[in-house]
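Each of the two complexes below includes chain A, the first together with chain B, the second together with chain C.
For the complex of A and B:
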């Protein structure tokens, strides 16, 4: 309809604003200049070279990948157990416990960051791998509990009872009946937990040390100090990585929807 | 819930002898019970214990420490809160944080309302594209987004080049609250557009046509019929955006100026640079209280409006 043309132009402008950042970063990472001038006048791969030949950038990338993968596993296991209890259990204070587990997502990260910093100073966990695992797992749990609880609450429990009637123990029934059905939910929970850890800056800034930091922390301090296009190369790598993971997670979710 | 099996509950008040017999029967059943007969969910709560302990120790305790330090550091008393309510700089930071949050809410509402409306009235292809664009900020990591805004907003950046070409002249954007708002609202848009879209999608648009048939001009039918019906979405989106914008740290730290600090940045400075845990704690309490009260209001209102318990997390599902 022609009378909606102004509305469509408006929509296009807002959409442009929403996608602009990604559109700018990727071309900039291929610039041939030493500045952040956009659009670049020359093209090259030198910033990727700088990134991969600088041992600190590479070390931080590897830290982020390792921490993210471990946090993904920890949060998925702990989150699934908690979701199972929350959706199946009948116990007092269920709502309160559920709210506690979701709270890390709602409390401003800077408040959580200073709190964890205080605790980790006492326990000497600042700048340690364990410290990162604890803090990131807590932050990632809601992103596992929300999708897994939602698949579990839609799961038909008569299947489990049928397994029990056939003589399966409760553990056996869970692993051979329930788990295959909720697996796509677990996969998307794992991906979101990984991405949460991989992207986290504020809390990581507090608990990192010069000996152990993650890629986003390095990007942050690098933006504050000297701005050179190596950050754009790092950013492009992050975009490719997280987009791939989220695409997998969404595919898993849409398959889940088709199944149920 | 388990239905009481017949035979265990006599219709008349139980006498001691009956009760004893019942207990014996219960014990006998308990011994021979299989997984099927046991009350469902009886021991499932055990599964939550490790996770709950982890969150209590790794989240509850740290946050509580900060709250406690606000009244114990450097000495027991309320001096940190009296500083917060009397110091000119602290009050300025508090006020600025609330104003920025309110402006961010207003901007996302003004831009998000027509956007969500366009999504509801357009065909599936265009709607898909608009949805993809609105989910894009979710897909890009925080550091990448902030870095991109530096490139776009810098003095010789993309936006200034465009402004110059349009004959509007260059202006400083990086290091100003305007710059912070441009970057902030971009990531906040999904939290506004998704609830709006959900509310608008469920409105029967024949009601607007009915208004027009009754003689109302199109704008009046829209304003008197469609807008009131979309208000639950407006309310949910606005509260969510307001709460979230109170907690922004990285975006103002990179795109803003230290002279125009927001509350989370002041909190960081107090603790990390001035080592003043007490005042930092008081700022944290202010932040938690504001967000907590608003969350409670959201939960209460959405319970009243929808009759269901609040789905504060609904907008966060990717």
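For the complex of A and C:
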């Protein structure tokens, strides 16, 4: 028991080292000053006020939420279908298809962004909602395929046989047995996909326009123009929101594990 | 399970079992043959067991009947209808899987109701059927539990209830008791037999446990290396094995090896001994006489006229309460087994020599492989 205490301390230090830069943003957002000086000398909620009273910040937040939610759904549906084919299918080039679908995670985002930009210019998708959906969904696919493939490969296929002999067609067996059993994997896939889209900045910079941009794009350009603590307020909102999402996903998963 | 069987026995609910016919059923995986041309007719309502060591093709045969594994060649007919093109969900069979395969996200009630929902049975009727099935397997009070909250025996009962709830004409069982301890297994065997008697469904049971097969089945098909080597009742297989494999797989026995000469079919020549054989056999050449332990008698004297016998030395004795089991050394140095009941006690002790005798008609002769 006592031998584990140093390990715990070490773990806590590493965790702190990883999140400390993020946590600095939170007090910064409550500053009463006009600069991003740390630690703040006065406290205020004025930058939250600025954030929510500026229609462009709010519009970009809503854009990000909408795109993130839709990308989550699209990537989860497409990624689950792909995972099913990759774990169950017996077709030529299965390995190559799998590698291709994971590639967006491995290719440098800037490279991916340049490619998407060139392609979207031709297809007139730059600065469009559809363009964001397509680009972000492709980026998010690996984050769905990895967890869903892992739960699918652990899934006991005898359950599908049992469903079949009980009278369920393949489709019904999938929706009434396979899907509920692998749901925790889908949920974490959805969360990862949402977060991937929600805080994506590089590719979004390429494909945004003055008429359509997302919150991270706005934050990035705002910090280049003027160092205004509004960005800290925006960042704090993002941190709280994504942390809440991930906490929910983890809670749901651990509850499920206890039940089954 | 017996408490509520009248529900299953009542005439309006009872659906009698289907006849199953397998014709030249074969399954090949690459270069290995899992099932090599199985022919078998199963009567409606029969309790048929596939018995064999693991990898002998019995489970593959069952999976082909269920529709999970497409046959390489051959036909499966249920009530004379070929099933080859029918997918599993339209075969109207019930199945109990080795690991039960209960749906982990559904309660006991929902698991049992699952097949009824697939068949679009009205809600009121569904409730009645599930309730009956729950009572049949004595799981009242557990309806809201998840499978993970049940013991192995209870899970097995849920699997059984799910398989019989829609009263399929055929029930397939793949080693359903394999994961349970001996006592529970014996109790559930009794219940399975009881349900079989009442529902009239054709039962197809796969096991590698010979005792289970002998206890449960109307007939047993013994599998070896992808083939059925013998089909018969427990008594036929035990008393009249047609091969050394069947003789050794089912029960214990004393084996006497020798040669049957074509011009002297009444005797097995084993060294200096001529052992009289049962009449009507067709074995020639290298052969083995198989004698079950309870058919052998020990005595200090030469066998009486009409009985066969060989000199033996008693090597070991196991006291079993109602009987005792003796290991004896046979003339060639091999060992034999004798079971003595209260009426057949010889009084021979370990180290004594005497004769092991038997009625030749009660022995079997099979080819030596």
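Keep in mind that, in the parts below, the second predicted complex is superposed on the first by the 234 of 260 C-alpha atoms of A that agree within 3 Å, B and C clash if a C-alpha of one lies under 4 Å from a C-alpha of the other, contacts with A are read in each partner's own complex, and residues count from 1 in each chain.
Just so we're on the same page, contacts are C-beta pairs under 8 Å (C-beta built on N, C-alpha and C of every residue); 3 or more make two chains touch, one makes a residue touch a chain.
The model shown is predicted, which means the values in this text are computed figures rather than measured ones.
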item	value
Which superposed partner A:243 touches (first chain B, second chain C, both, neither)	first
Chain B versus chain C as contact partner of A:101, first or second or both or neither	first
Which of chain B and chain C A:165 touches, first, second, both or neither	both
Partner chain in contact with A:55 - chain B first, chain C second, else both or neither	neither
First (chain B), second (chain C), both or neither touched by A:181	second
If touched residues of chain A are counted for chain B and for chain C, the larger one	B
First, second, both or neither for A:28, with chain B first and chain C second	first
Chain C-contacting residues of chain A that also contact chain B	161, 164-165, 169-170, 173
Chain B residues touching chain A - in the complex, by the definition given at the top	1, 34-36, 39-42, 44-48, 50-52, 54-56, 58-66, 69, 111, 114-115, 117-118, 121-122, 126, 129-130, 133-134, 136-137, 139-152, 154, 156-158, 186, 189, 243, 246-247, 249-250, 254, 264, 267-268, 271-272, 277, 280, 284, 287-288, 291, 295, 312-313, 316-318
Residue ranges of chain C in contact with chain A within the complex	66-68, 87-95, 97, 99, 101-105, 114-115, 118-119, 146, 148, 162, 166, 172
Residues on chain A engaged by chain C in the complex (per definition of touch)	156, 158-159, 161-170, 172-173, 176-177, 180-181, 183, 259-260
Chain A residues within the chain B interface of the complex	4, 7-8, 10-11, 14-15, 17-22, 24-25, 28, 36-38, 78-79, 81-82, 84-86, 88-91, 94, 97, 100-112, 114-119, 134-135, 137-138, 141-142, 146-147, 157, 161, 164-165, 169-170, 173, 192, 195, 198-199, 201-202, 206, 216, 219-220, 223-224, 227, 231-232, 235, 238-239, 242-243, 246, 249-250
